[in-house]
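Listed next: structures, encoded as structure tokens.
In the two complexes below, subunit A is the common chain; its partner is subunit B in one and subunit C in the other.
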Partner chain A sequence: MSAMVSVPTVARIAANVFKESVRDKVLYSIVLFAMLVIAASLLLSQLTAGQEVKIIKDLGLSAISLFGHFIAIFIGIGLVSKEVERRSIYALLAKPMSRTELLIGKFFGLLSTLTVNVTVMTVALVVVLAVYGALTPPDLAKAWEAPATDPRIVVAAFLILAELAVVTAIAIFFSTFTSPVLAAAFTFGLVIVGQFGADLKNFEQVVESAPVAWIARGLYYLLPNLAPFDVKSQFVHAQPIAPSYVALTVGYGALYVSALLSLAALLFSRRDFK
Partner chain B sequence: MSGQLRTVPVLLAATALLGAAVTAQVQRDRRFATDQPAEQVLYVQSPDVARRLALSYDVLAADVYWIRALQEFGKARKATPQDRNHALLYPLLDMATGLDPYYNIAYRFGAIFLSEAKPAGPGRPDLAEKLLLKGLAARPDKWEYMQDIGFVHFWAMQDTKGAAEWFERGSRVPGAAWFLKPLAATTLAQGGHRSASRTIFRALVESGENDWIRKDAARRLRQLDAMDAMDELRRIVETYRARGGATPVTWQGLVRARYLRNIPADPDGFVYELGPWSGDVSLGEGSTLAPLPKEPPPRVVLPAAGR
Partner chain C sequence: MSAIETHALAKDYKVGFWRPRPYRALDGLTLSVEPGEVFGFLGPNGAGKTTTLKLLMQLVYPTSGTASILGRPLGDLEMKRRIGFLPENPYFYDYLTAEELLTYFAGLFGYKGEDRAKRVGRLLDEVGLGAERRLQLRKFSKGMIQRVGLAQTLINDPEVIFLDEPMSGLDPLGRRDVRALILRLRDEGRTVFFSSHILSDAESLCSRIAIVAKGRLMSTGTLSDLITAQLKGWEITLENMPQAPPESHAGVRGVTAIAAGRYAVDALPASDPLRLVRELTANGGRLVSIVQVHDTLEDLFVRQVDQASGTDRFAQVPPAAAAGGTR
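What follows is the complex of A and B.
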């Protein structure tokens, strides 16, 4: 395993993954579906009493997050396993690039796809909210906790993207040493467990056994903690989101992704494709 | 080309089959009532469990429970009094606010729904207060919740002392509406007097952060107008009868005798009902202002002089 990583090589692999992902029909249909959900939120909001903007924001951000997760997991686990199944991995590994570069390139390629997706969906959501805001009489709009077009949506979307980066890294990590089905199951499992960070951290409140509480505390630090990436509630209710909170959460995500990709590169470098 | 020839018949056949299926469905629906909605069930009753199940989509799940609560209230309102059931209203509101502790409107509307007197509402001001206290636990600086608790005490519990205490408590929160302090004094001084109610509802009409809350307060004001008008009409009927007016008393008779200019209607346009023998005046059948609130006996506590 080469310790050095060539940035141009990684960029070329990433560009190829991005092109392949964009060509993927499943990807397009998911984006289209997300757009439809956002549009449907306008209809759904008619069922509520004065909470239209909140529900459009909730539904829109949840759709962005949910479809982003599907893309990250299903495309992520296929990045390596598809190459192995098609046997194109031999041709790839024969090229002047290391396995580490291949993995990192694949990661950044999918991350670029996710960035485009999240950006397009966020822009669509902002447009829907702006139209709704413009059509709402000012005296009714006064009742909203936060304005329809709240610039902090960028923070919420950015944290969703950071979470998706972690999920992508998890998917790639598992796909380097197990089958696609198991990789999907493990990734889904970790994504779900990642929402229970607070429970793991405070496990001593539930059990009396000190060793069990320590194990739970250990798992809290070891497993990905994805709950802090979710600031939908703060955004929707105009609650403050401190820049330092965003910086620490994104920093945590970047470090966790680096750790996972390092482990993935290690496992991938030892894998025998004969 | 041959592909096209195959596609068209298949599409036509599929369309015809779908059309036939729809026709069969229409026929079945006409003959058998199979589309009766199942009884509403709340499968998950613990907000903590629901929050864990919802993963990071808890605010969206809260919206779903909130919409269900709205539908539950609307459905009960449209049902006949004997079929009216509000059993799921509080659990649904509890779930919505448990999943999203900042769900402002769920606390505020929820309190209005729950405190609505029977038969139109569940008549549970205790649950309304419990819900608002839960909101206060999440946001202790929300003076609006204190105002609403005061409102529940005043309007639904006829507890003017408790109402004044909550208005007073709300007025001490930085940034609270200016009217809370005088409202506390007025409530305490005038007890269940209608003018105190008017003060509260005018304040809500002017300051209500939500159109629905403003509309509800405006309706309460119209109820108060109707109560005033009914008192006046009772006096007119009494005078008419005392002066030897004909019984049974009718609005037409009172108009002919020039006690009234025209047949009186409440602010929502429903003609008042007049008991032909008793002379009592009440809201007309189907009036959107029904039921009127129960009034406590007037209680006058004058503030001590010189304070």
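What follows is the complex of A and C.
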């Protein structure tokens, strides 16, 4: 593994991933579907008197997160494995670049795509919320815990993006040494396990066996803990989201991504492309 | 300094799922290619040609042995700036246009702005894709992709060019163009290392060749060294013969009637052709010509591939290598 990473090389690889992925029709289908779900939240909210705006926010952010996960996993697992399978990696690796630069470039390329998608979906949600807010009589709107267009939606969307960065790194990590199908299965598995990080931490309080408690504690540190990235509840219920909490969560995400990409680069640098 | 040098380069792949066994794809390849040479790396399918190129490009790592390109170790980034590589049956990104792909690759070499745009345009024109430059690659035929592959190989004006089966997928016109391109690269003083199983390509292009079969280097040298060294016999043409020369005559391998009184005599290489002519024309007849019959590249190739075909590549792996990993 090359110790030196050239930023211009990484940027060019990332730009190419971005260019390729934004032309992929699958991406548009996912984003369009997410927009439909966000729009549909307007209808669903009518079923719950007095909770409408909460439902729109909750469903909208869930849709952004869910469809963001789809993009991160499905494009993420293909970023490296497709290059290997279709052998486009052969000509690419003959160029003056290291395999590490290729992986990092792929990561940032998909992260750029995700940033654009999360932004587009968030703007769609804000528009839906603004329309709903404008159509609601002011006396009814007064009963809401937070205004329809709460600027903290940016924080919630930013943390979703940070979570997607971790998911992308997981997908890339697995795709460096397994088939796309297995990489998708492993990534889904880890993402689901990642939602229950707090349970693993508290496992020692419910089991008496010390070794089991240690294993649970070890897994807690090893597996990704994705629950802290989800601040939907705080956002919907107008509870405070401290900047220090955001910084700590994003810092954790950055560390996890760095560790995963380093490990992926190590495995990838030894791989034979038969 | 050689342009390309390998020393006892070997590669084992593990085959089998439950009980993986090492399969020797390349066995102790030692060769050197000098600057400015067009070097043909010949062998049948599965001989180890692509494995050798993958080893040189560090797409796979050797089990043992060493190699260098332009005096630098494999994988060296400065060396990679000075080489070009066309993989066998290349594949690129579906959603990019030919122009975008070349722009991307040129960017990886640090070319920018006007210089990059000119370079890309010139190369696409050279490989005959000037009109299709803005078409997405997924709409390209196999032959067109091969042309894009050639263009990307030359994007950095490489000193050493590696071409894995460059004629693959090309129609006769395309093959002629590639042959002309290789000769032009040679005239420009570049080193071309190309693998092929098409012997006529090698005969018309190469200054030196190597023949590999079953993962082993069978022979290497200039075409004239390898072929003229093997005298196959003499073809003696006689006319006005009163009767057919006897096939049982000492030194004669066969006789073919060409026309009335005219015969072609196939004589053994060890025979003295002039003495044979005197003996055969003792009762009349006249010598038309004596021609040396040499081995063709095809004869040499077939013989060497046959020679290698008795070997079992699983059995060749020494116990120490068999116990080791794939690297």
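Convention: the second predicted complex is superposed on the first by the 273 of 274 C-alpha atoms of A that agree within 3 Å, B and C clash if a C-alpha of one lies under 4 Å from a C-alpha of the other, contacts with A are read in each partner's own complex, and residues count from 1 in each chain.
Rule of thumb we're sticking to: contacts are C-beta pairs under 8 Å (C-beta built on N, C-alpha and C of every residue); 3 or more make two chains touch, one makes a residue touch a chain.
Please read these numbers as outputs of a predicted model, since none were measured by experiment.
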| item | value |
| --- | --- |
| Fit or clash - subunit C, subunit B, common subunit A | fit |
| First, second, both or neither for A:181, with subunit B first and subunit C second | neither |
| Touching partner for A:127 - first (subunit B), second (subunit C), both, neither | neither |
| Subunit B versus subunit C as contact partner of A:90, first or second or both or neither | second |
| Subunit B versus subunit C as contact partner of A:24, first or second or both or neither | second |
| Angle, in degrees and to the nearest 10, that opens at subunit A between the C-alpha centres of subunit B and subunit C | 150 |
| Partner chain in contact with A:198 - subunit B first, subunit C second, else both or neither | neither |
| Touched partner set for A:16, first subunit B, second subunit C, both or neither | second |
| First, second, both or neither for A:273, with subunit B first and subunit C second | second |
| Distance in angstrom between the closest Cα atoms of subunit C and subunit B, superposition on A | 19 |
| Common interface residues of subunit A - those touching subunit B in one complex and subunit C in the other | none |
| Contacting residues of subunit A [partner subunit B, same complex] | 44, 47-51, 54-55, 58-59, 62, 65-66, 139-140, 142-143, 145, 192, 195-196, 199, 226-227, 229-230, 232-233, 236-237, 239 |
| Residues of subunit B defined as touching subunit A within the complex | 52, 55-60, 62-63, 66-67, 70-71, 100, 102, 104-105, 109, 208-212 |
| Of subunit C, residues touching subunit A in the complex | 13, 54, 57-61, 77-78, 80-81, 83-87, 89-96, 100, 104-105, 107-110, 149, 152-153, 162, 326-327 |
| Footprint of subunit C on subunit A - complex, ascending | 2, 8-9, 12-13, 15-16, 19-20, 23-24, 86-91, 93-98, 270, 272-274 |
